[in-house]
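The same subunit A turns up in both complexes below, where it pairs with subunit B and then with subunit C.
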Partner chain A sequence: MRHQLALQIGPVAFRIGSAWPEPLAALARLYAAYPAPADDICDFTVRLEPEKPWRRWIRPSVAIQGDYVLPDAAPMALAHGLLAAEMGMNLQMALGQKRFLLLHASSVEKNGRALVMTGESGAGKSTLAALLGERGWRLMGDEFALLDLDSGNLWPFPRAISLKNGAIAVMEGEAPAERFGPLLEDTPKGAIRHLRPNEAAIVGMNQCARPALILFPRFGADCAARGVGQAEIFMRLTQSSTNYVALGGAGFDALTGLVRSCPAAAIDYPDTEGAIDLVEALWSEAA
Partner chain B sequence: MTAAPRYIAEHRDRVRAVELDGLVVLFHETSGMTHIVAPPAPEILDALREGPADAATLLARLAARFAFEQKDGAEAVAARLAELEQAGLVRRT
Partner chain C sequence: MKEGWLNRDAPPSQRGKPGPVRAGARQLVDALRDPENFQTSDWSGLITAARAEQLLGSLAFRLEGRPVPERAASILAGARREAAQQRTQALWEAEMARRACEGLSVPLILLKGTAFHAAGLDAAVGRSVGDLDLLVPRARIEEVEAALIDAGWERIKPADGYDDLYYRRWMHELPPLVHRDRDRMADVHHTILPPTARPTPDAAALIADSIAIDSGVAILSSPDMIVHAAAHLFADGDLAGGLRNLWDIDRLLRQFGAEPGFWQVLATRARLHQLTAPVALALRLSARLFATPVDAGIAGRARPSDRLFEARLLARDNWGRPTRPLLRFAFYLRSHWLRMPPLMLARHLLVKARR
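And then the complex of A and B:
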């Protein structure tokens, strides 16, 4: 490809190619301080290509290509090229990752033990992880938790945090401006702004953690927590995994091992501060 | 008069089973499917692994191991047996 960038993020290396320089320039700024893959060997390739040859210049339109593609994915405006690159990396993981059990979850670490948060889109798992990551925890990832199939440990995957709508202002009050990417407005999910994880998250991107608590957050109601039975945890986690079925018996063993070793709770919260207090209290109980 | 159907369970090596809070999750190697089952489904699988059996024989095997009301037991066993057959974990011989 005309323009290329290679990134090592935790145990996964990506090569991103683009027909235009702008998306990669934005990506390079966002991922400043991330290492290049050792030996320049990458697990996955993402390509940002014109939807049609002439759409490189005329009303540029970015199609997400790569090792794994969604055939009917709608092309995106060049102004959203950074988002296309991020979505392309997500897609490679969701469709192609076989080394780990992938949970659509955020995770943070303290003292070698990991808190995993998973829920529907809009449940606040990204925002909560981003906030905790600025308040004494190490952010492991806001989008995917990678469960090691042999050890049962979680691997960090500290991609740029994808902040949406109201979460953007919340985090602008927490993290310095130079860690933010451009504000992307009118995307299919509303306004999006990416946040580079802090130095502790980047430096620690090779340090695994033992899962110690699973939370299913839900935004909107008064603060409350309830225990969740193991069979329900198992069912919810199979639903939040993109590759559970593809992994077969290895995925079953990893997931049942996680469920049997890790307590879980469903939490409701009316605002982020309430959520942080609740999370810290539950963590103290689990510790 | 047709003979009652006889059932056989998928071999233990083809079904991974883990108990989670009183329920059992089963991974069926043959189909790649995961099932969450309640008692007495796991007990039925175990009992059928002694050898093929019709519903009455199966019920007798279970009655030798567990205490339950015969009438309720027969209904529960029939219902679970149908579910296990549909899931491919039990088949007719």
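And then the complex of A and C:
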């Protein structure tokens, strides 16, 4: 393709081809300091193509193509090309990743042990992980947690953190400006700004961690935590996995292994500072 | 019958040397045909093209044990794991359908990928399976449909809509059914080509010669399996994703070709089903792309149009993009031309265009 970029993120390599230079220039800036894939061999291919041939020049419109596609995905404005590239990579993982059990969860690491946070969209798992990643934890990923099917370890997948709406201001107070991508307004999910994880996260992108605690955060009510039984943990995690069914027996074994070995709690929080304190308290209990 | 073997291989100059990178689908064919001598500097392109053609599982097994770069090896190992799961799922769908139809005493004949897996054929190695394809006698097809619907399959086309009626009146299969829990599609056929197509395969003979492999489940006879694969690829459809079907044909011919008397029966059955030309074309293309040993008498002499078929089958680049838009469009038109008489085609395209 006319413009291309290859990225290594944790154990997964992507190549992104584009009909326009702008989305890849933005992507290269955002992922500065990430290594290139070894041997130039990539797991997945993403293509950003004009929706119709003439839409390359006239009212440019970016269709997300690649190894795996959603047939009815709406094309995006070229101004949101960076988001299209990010969505393209997410799509490959969600539909095509079969080497790991994929949990729609964020994860952070301390002393070789991982904290996994999962919940519905808007629960704050991404923001919490981003904050912890600036406060002494190593960010492993804000979107997908990769569970190794054989060892039961968690692989880092430190993509750029996708901050939405209110979370943007929260993190602008925490991380230096050069790590932020452009502010993308009026996307289908509102305002989005990407944040490159810090150096510790990038340098550590090949270091697995043992899952030690699973949290199901929920934003809104007063600080509270309740234990969650294994059956409920299992059900919640199957719902948060995009490839549990596709993996068959291997997915079941990996997930039951995780549930048996790892305590879990559902937490409510009214604000981020309260959440951080609660998470640290639960972590020291579990440790 | 004339004995003789047509065995065309790639020119020696293109074998074994790292040379310039070949375009996506061409590279994929090289790797499938001759994994021992395959080398590439564009693994990403190969993997993408193989995924786009639904051949990554087959490729992964062909390259198993070969010295490939570590990253590629891990991607291919993942593809083998995925293929094993696909096999389990395909066989499970067949078993679910068998149980649903148990009381009917209708033999369910498995077609295509599911049949390869159920019978343990070489063509099953790494073969992905999308839908469950079944063949049943036309007189019993409504009973089978009702039994499947009872067991949780659902219609996805609105009943009595244009598509539904079109299928029931003019197609060789029921409108597709999808299982409400497992989200897997079942296509129930009563023959192997639309009744509107010019050749009329002998569906009763397909069923009469089928081979029981399990209680209540059967597969087509070896020659009929080739005839069906050839009909599906060259007498129906626009050849999109056709490389996988041609790879099926290569695997099947290599396995069946050794059975005594196979080629003779193949010629007879092709004539019976009025599919002599598509079968000949399948043999020629399989030999041309995959160096399949085939009977030269049945394959016949190469035709100038063979090159167009080859070009269509290989219309895929290293980024997984379809190439040659005009050629693809020509084959799209051809598929409709084959499928229905001109007036009917005009009406059908008009209805589709109005949507």
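In this section, the second predicted complex is superposed on the first by the 287 of 287 C-alpha atoms of A that agree within 3 Å, B and C clash if a C-alpha of one lies under 4 Å from a C-alpha of the other, contacts with A are read in each partner's own complex, and residues count from 1 in each chain.
The rule is short, and it goes like this: a contact is a pair of C-beta atoms (placed from the backbone, for glycine too) under 8 Å apart; a residue touches a chain by one contact, two chains touch by 3 or more.
What you see is a predicted model; the values in this text were computed from it and never measured.
Upon superposition of the two complexes on subunit A, no clash is found between subunit B and subunit C, which fit side by side.
Of the two partner chains, neither subunit B nor subunit C is touched by A:Asn153. In the superposition on chain A, A:Arg260 makes contact with subunit B only, while subunit C stays out of contact range. In the superposition on chain A, A:Thr187 contacts neither subunit B nor subunit C. Of the two partner chains placed by superposition, only subunit B is touched by A:Thr238; subunit C is not.
By the touch criterion defined above, A:Gly248 reaches both subunit B and subunit C. By the touch criterion defined above, A:Gln230 reaches subunit B but does not reach subunit C. In the superposed model, A:Ser61 lies in contact with neither subunit B nor subunit C. In the superposition on chain A, A:Arg99 makes contact with subunit C only, while subunit B stays out of contact range. With the two structures brought together on chain A, the opening angle seen from the C-alpha centre of subunit A toward subunit B and subunit C is 60°, to the nearest 10. In the superposed pair of complexes, A:Asn198 makes contact with neither subunit B nor subunit C. The wider contact with subunit A, measured as residues touched, comes from C rather than the other of subunit B and subunit C.
For the pair subunit B and subunit C, the model built by superposing on chain A gives 5 Å as the shortest CA-CA distance. Residues 248-249 of subunit A contact both subunit B in one complex and subunit C in the other. For subunit A in complex with subunit C, the residues that touch the partner chain are 1, 6, 13, 15, 17, 37-43, 45, 47, 49, 65-67, 96, 98-99, 246-250. The part of subunit B that touches subunit A in the complex is made up of residues 16, 18, 20-23, 25, 27, 29, 32, 34, 36. Contact residues of subunit C toward subunit A in the complex are 43-44, 47-48, 51-52, 69-72, 74-75, 78-79, 81-82, 85, 88-89, 319-321. Per the touch definition, subunit A reaches subunit B in the complex via residues 229-231, 233-235, 238, 245, 248-249, 252-253, 256, 259-260.
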